[in-house]
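The following blocks contain the structures, represented as structure tokens.
Two complexes, one shared chain (subunit A), two partners (subunit B, subunit C).
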Partner chain A sequence: MLRSFSIPTSLACCIKLGIVGFFASTTAFAPSLHAADFDANASINIGSLYEPQNLDNTAGAGQGINEAFNGNVYEALFRLSDSGAVEPVLAKDYKVSEDGLAYIFTLQPGVKFHSGEPLTAKDVKHSIERVTGPDSKSSRKNSLKGIASIETPDDATVVIKLSARSISLPYNLSYVWIVNDSGKDLKSAENGTGPYKLGDWRRGSSLSLARFEGYWGTKPTNSGVTFRYFTDATALNNALLTGSVDIITSVQSPDSLKQFQTNKSFTVAEGQSTTKLLLAYNDRVAPFDNVKVRKALARAIDKKKLLNAVWGDRGLVIGSFVPPTDPWYVDLTKVDDYNVESAKALLAEAGLKDGFTFTIDTPNYDPHPLVAQFLQTEYAKIGVKVNINIITANEWYSKVYKAHDFQATLQEHVNHRDIVFYSNPDFYWGYNNSKAIDLVKSSEASMTTDEQTGRLKEANTQIAEDAASNWLYLYPQIVVSKASVTGYPVNGLNSQFFTSAIQKGGK
Partner chain B sequence: MRRSAILLVSVVLASAVLFVLLRLLPGDPANALVSVGADATQIEAARRQVGSDLPLFQQFLRFLTDIAKLDFGVSFVSGASVLREIGDRLVVTLPLTLSAFISSIIVAVPVGILAAVRQRTWYGAGISVISQLGIAVPAFWIGILLVTLFAVNLQLVPSGGFPTDGWSAPIDSIEALILPVATITLVMSASLIRYVRSATEEVMSSDYIRTARALGATLTGALVRHGIRNGAVPVISILCIELASTLLGAVVIERVFALPGLGSMLLLGIEQRDYPNVQGVLVVSTMLVLIAGFAADVIQRLVDPRLRGRVSGGAS
Partner chain C sequence: MSLTPADTPQPTAISVRRKIPLSLIVGGLIVGLHLLAGILTILWTPYEPTAMVGGRLAEPSIAHWAGTDRLGRDLFTQILIGARIALEVGSGAVLVGAGIGITLGTLAAFATRTLDDVFAAAFDILIAFPTLLVAMLIVTASQTASLFTAVLAIGIAGSAIIARLTRILVKRVLSMDYIVAARVAGSSWPSIVFVHVLPNIWPTLIVNLALQFGLAAMAESSLSYLGLGAPPPNASWGRLLQEAQGTVYTAPFGAIAPGLALVTLVIGMNLLADGLRAFADPTRRRSR
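Our next item is the complex of A and B:
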């Protein structure tokens, strides 16, 4: 799933780094073949559009590195499973102090890095400090800033002390790769503990991973995987049709699915996505500082029609920034449902009976230009004129994200748990409601997940009532593979693509 | 000597123009390295890393010094050596371009001469129509057609991509290049045929051919003995231009066929605002184009003794 920015990739990635989502009973993996039916020495070719820019997730590598390396080459203390659960990996277990300010982690025994060195508590400390350090460009840096100190009383124990309670700490630690502290340059090399080690990376073409024979956990059901990178979606589809790749990690064009659905040699799996497309207003500037105007603009769009035009019968209209796979999802589609007459009435109440004109800064890649045209037509029905300003991803970053020099913009946000962005008044969209901000912030200090969920549900409802942005729809996540290949993740949360359970028929 | 100096100055000028143009684009190259959620310190760190915090003049000086040392630096984004990556990608782009170039000549020269000699026959006219069509149809469309037919439906050759281990499996590499080479050949030979045909027609109407025929030579004999040399001079100039445009235009074909060549490196570099990569590719491409022009000039002098007395000339 990408929707990147050329920055593409980096933005999306970071956006992608985000949330927890306890998708209770979601199917996590494609069904496995019978054990005897697969070839444990098969190599899997994975087709992707998201080549990493470098190999270090603290150095602006983009979402492609999460896809290739998370859980495959590097592991963390915890992992976000494909079903959205936070599961311990290198942390064997952990305890939390009564005041919630100290976490004591015990490490898995017998874990080795690919270089052969054993995992120690010092490596964990080094790894967390890499993410929080001054040179880090990790998008998780801010969520870990509550860490006051990290102690390593012995090789198997790590104590993290916090300056304020943070119920999301284990979740946030799932983004921290545990790397060996020997100081290797990780932009072009690796030293992780995962089931695969880096084989060869040919920029612009492919990245191969080979099974790590010294792996401490369950051995992969294949001998290695090769990510083959494409820039053109049609070329990628052709590669699957002709057998050059076994799986496509994320299909972006619904039109291309028919050729796979009608052919028994392929499996099409639709999983859960956290990618939202939104029309974000600059809530600081008139008339978008007026909630009535924002609500009018929300009600003027037939979102189901829009989703159908872009994705056919896939995807979902969600009515807020929170997808159903998040524990704090509330169905808010009715808050500002499609209603042209009510939109006109709200505009009149806001003193804009004759409408107004505004500009949408529109990223130049799909689906944004098409969506902008759709919005233009819909808004014309309530007398609002839209100018479409097409910009590159790089311009978007400078103009919209950094300088806040915009009226409205289209953007996709792929992150998990990114409702927290609405608690930052300095974020590009400038939403500022003290009640919502307090709810999001206090949720982090919750003692239980129920308490956290309750507060975030309330925050989500408040943000939707304020029509802080116009949430257009949630993308589907579609993985297509050869029918003989199974065991791959279908949800692609946080852009991850765990490969160690992938099986290829043939023996 | 003089041509070598011109070549050197052209490389430097092209690089300087490029430096200015790239920096005129809106947006900061550091944006490629940061993500949504990045704070001011992270953004500043990224700017320091790519050098976009320095005054423009200082960036320019640094850039010129590096070019002089033939040091293209490392990619802003990947940290990998630019020169090494160019080398990795040239092993795809050069065989692709040169094979397509040679096959185009093999197709276009005899077919073009035939079209001129037999212009009043049905196949002479047919060649003209087909070559016109070939010029009108975009290369990517021909590429997609060939992929659909020969890769997806007939499954005779791969649809795209290049072996992950490069040329260590030469058969696989050659297979990967068959359709891209065929696509470029079809497009390039279409226009070359027309040039060859018109050069041949011009030669056929010349006095020396008429004289040769009056002296009893057959048309074929006269063309082989006197015509090809004379007709070759303008065609060599065109060939040089075609070679240059194929080298730089390979980006489209590389995209359609997912080939990790120089063109896709350039495209990615521009998207990511990865200045060192973009500059490196363009400097190397400019050098290759100028070298091709230089070679065309030398060949023209070998073919046509009248040009040897001239100080300069030719295709570049």
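Our next item is the complex of A and C:
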């Protein structure tokens, strides 16, 4: 996972870095305590492996900033709730013109920035332009490309005009932080409208958020939270065991869970993640430009066995790039189900009866090297020899992501609704099928979400039929907390971690 | 060993010489065991090294002496292969290091005073950088992680220590009267080096090389632990340790077994070096 990212951030955005896009509602939160049972002045310590590189999500801060700031320090016109729904936040309501080319947003009244200034339409315009501007490193910049102009007829109204219909606009706006237009450097400071303001940021160690008393919405059920950053998962687990953190945002190994499952002082919550592990081929180069070869390679892997090796009984084999929390999920596990004989037959049809040799550029952090060895053993059964080339996250970014200089690679993609990557032939894996590209592009011009969903389901099926990549499995999302702590999100879509409903029992 | 008349052992010294130090025996046994294990894997291993023959993280049993890893592969098989890789890298790196180090050290000792100072300073500077760091730099710069680059990198990184020691030893020998005598007798430089110098510094050097061997095995494990050593499926102990890290609480044997293998090899090499020093170093023997 590009989690311990010390590098280029745009990568981070698009791969393991959660992009700030989102979708929807709040039903998946851990059960809350009764009001009388918790201490509203308790401070919550959150243990995480994802320290942000800076505080600005348009400056390559990595997924850590989404975890700490989305919905906590900054709000957007909409938000992607923990269950995957898009709900209005700073947009009180909105209207769409009949041709679908103009969106008129009415802003929530009485909203104040942490600096005390009121939220105005100009701030919204400034915030969107900050993401779409030339200096922005936001990975979802492209999805806002269709914005032709932003008008602010009065302080409470924003009109966005589009050059082409874009049914995902509210969703896309959910990752545009609304920031004050006073021009602060947001890499080391903040000025948002969220329930918390930035307390103390100690690079390399922690970032604290304090309750913002002037918040317009529901007040947090705690006085503040501190994200404590760890580089080692074992150290993080120990921190929870010894009580120096209250929650771990995402547990990365099933084996560390036993110590919490058998202890009543802790709660283990399993939610849905959007993190997919895939063997991505460079579809531009032989023999991966041949769909039969790709299908053969997909069928030669016993993915359930692989998932079990890495995650024990958790996680899910999905057979495509689309997880169940995306509206256009289809169960495509049967398309290229595990079948060694059929894999061999397909290879023979492709003229590679005697197999071939290829190299997997493998990121040097767990689970990639282990997974690469599994693939190496499985592919040997169909006569395909795999060389494993271990590389760092930095090398992955320059060699694979930028230069496309690879045959195949392992990578985790964390984003939700990211099937759009398959509609970009210049993306690192170079998948290029005009039917799938048209479907993805035309889905954006849909008049209804049903129409959009229909098209994307079709695109998803086409991409899976083409075995564009080898989607190995979907990660589980596991949050562990002290039993006295409740109210946290369990799904972690796009790496978000809303903290304002977290409660700590007793005084 | 070629000894000068002054060094010729007295009758009592002969009995000392025959007494083999305990550390040499124990060290030799441990290293011999690793050597046997390593050679054995060329001919036979309990299981196919990459075959997923057992359950996930199975505990040690009669079928799997060290248990299995997350993919269900037999750990004992991998540890045996790890011994071969440690020995290959250890001996390869020592050969490379000795080749470079002894050549440069000897050249420095024979060089003019200014050049010698330059050499000496260069060795000191190189030694100031930790061997592992230099090895990592070399592997990274070569862009490919393989057994060969690991051997080369560790060998080059360790050569400065051998060079410095060689230089000092050679200089000491060069100041001896018999070298002056050889020069007067018209011996050429090469014949002085090969006939008089190297045979006399060899005992001290070999002890040092044995120590270097242990360090090289450890450096290989460290590189593999960082993903810079021999790529999978080469079962390096360092990689086994790295893979077992996440499961160290639930399946500790996955880390204990390769850890023990590495520790015993390094201790064995150190004992062997110590024993060799006691057994073979003429200066030590004289001081008894």
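Just a few scattered comments:
Here is the rule we go by: the second predicted complex is superposed on the first by the 480 of 507 C-alpha atoms of A that agree within 3 Å, B and C clash if a C-alpha of one lies under 4 Å from a C-alpha of the other, contacts with A are read in each partner's own complex, and residues count from 1 in each chain.
Quick note on the criterion: a residue touches a chain if its C-beta (ideal position, glycine included) is under 8 Å from a C-beta of that chain, and two chains touch if they have at least 3 such contacts.
Just so it is clear, the model here is predicted, and its values are computed rather than measured.
Touch criterion not met for A:Lys92: it reaches neither subunit B nor subunit C. When the shared chain is aligned, no partner comes close enough to touch A:Lys122: not subunit B, not subunit C.
When both complexes are overlaid on chain A, the residue A:Thr234 reaches subunit B and subunit C alike.
For subunit A, the partner touching the most residues, choosing from subunit B and subunit C, is B.
Of the two partner chains placed by superposition, A:Lys292 touches none, neither subunit B nor subunit C. Contact with subunit C, but none with subunit B, is seen for A:Asp255 once the two complexes are overlaid on the shared chain. By the document's definition of touching, neither partner reaches A:Arg314: not subunit B, not subunit C. In the superposed pair of complexes, A:Arg203 makes contact with subunit B only, with no contact to subunit C. In the superposed model, A:Lys441 makes contact with neither subunit B nor subunit C.
Across the superposed pair, subunit B and subunit C both touch subunit A at residues 234, 392. Partner subunit B is touched in their complex by these residues of subunit A: 6-8, 10-11, 13-15, 17, 53-54, 59-60, 134-137, 139, 141-142, 185, 187-188, 200, 202-206, 208, 226, 228-232, 234-236, 238-239, 241-244, 392-395, 397-399, 401-402, 413, 415, 421.
For subunit A in complex with subunit C, the residues that touch the partner chain are 233-234, 252-253, 255-256, 258-259, 305, 308-310, 312, 364, 366, 369-370, 372-374, 376-377, 380, 387-390, 392. By the touch criterion stated above, subunit B contacts subunit A in their complex at residues 25-28, 31-39, 41-43, 45-46, 77-80, 85, 88-89, 144, 147, 151-152, 155, 158-162, 164-166, 255-258, 260-261, 264-265, 267-268, 271-273.
By the touch rule above, subunit C contacts subunit A in their complex via residues 50-52, 56-57, 70-72, 144-145, 226-228, 231-233, 239, 242-243, 245-251.
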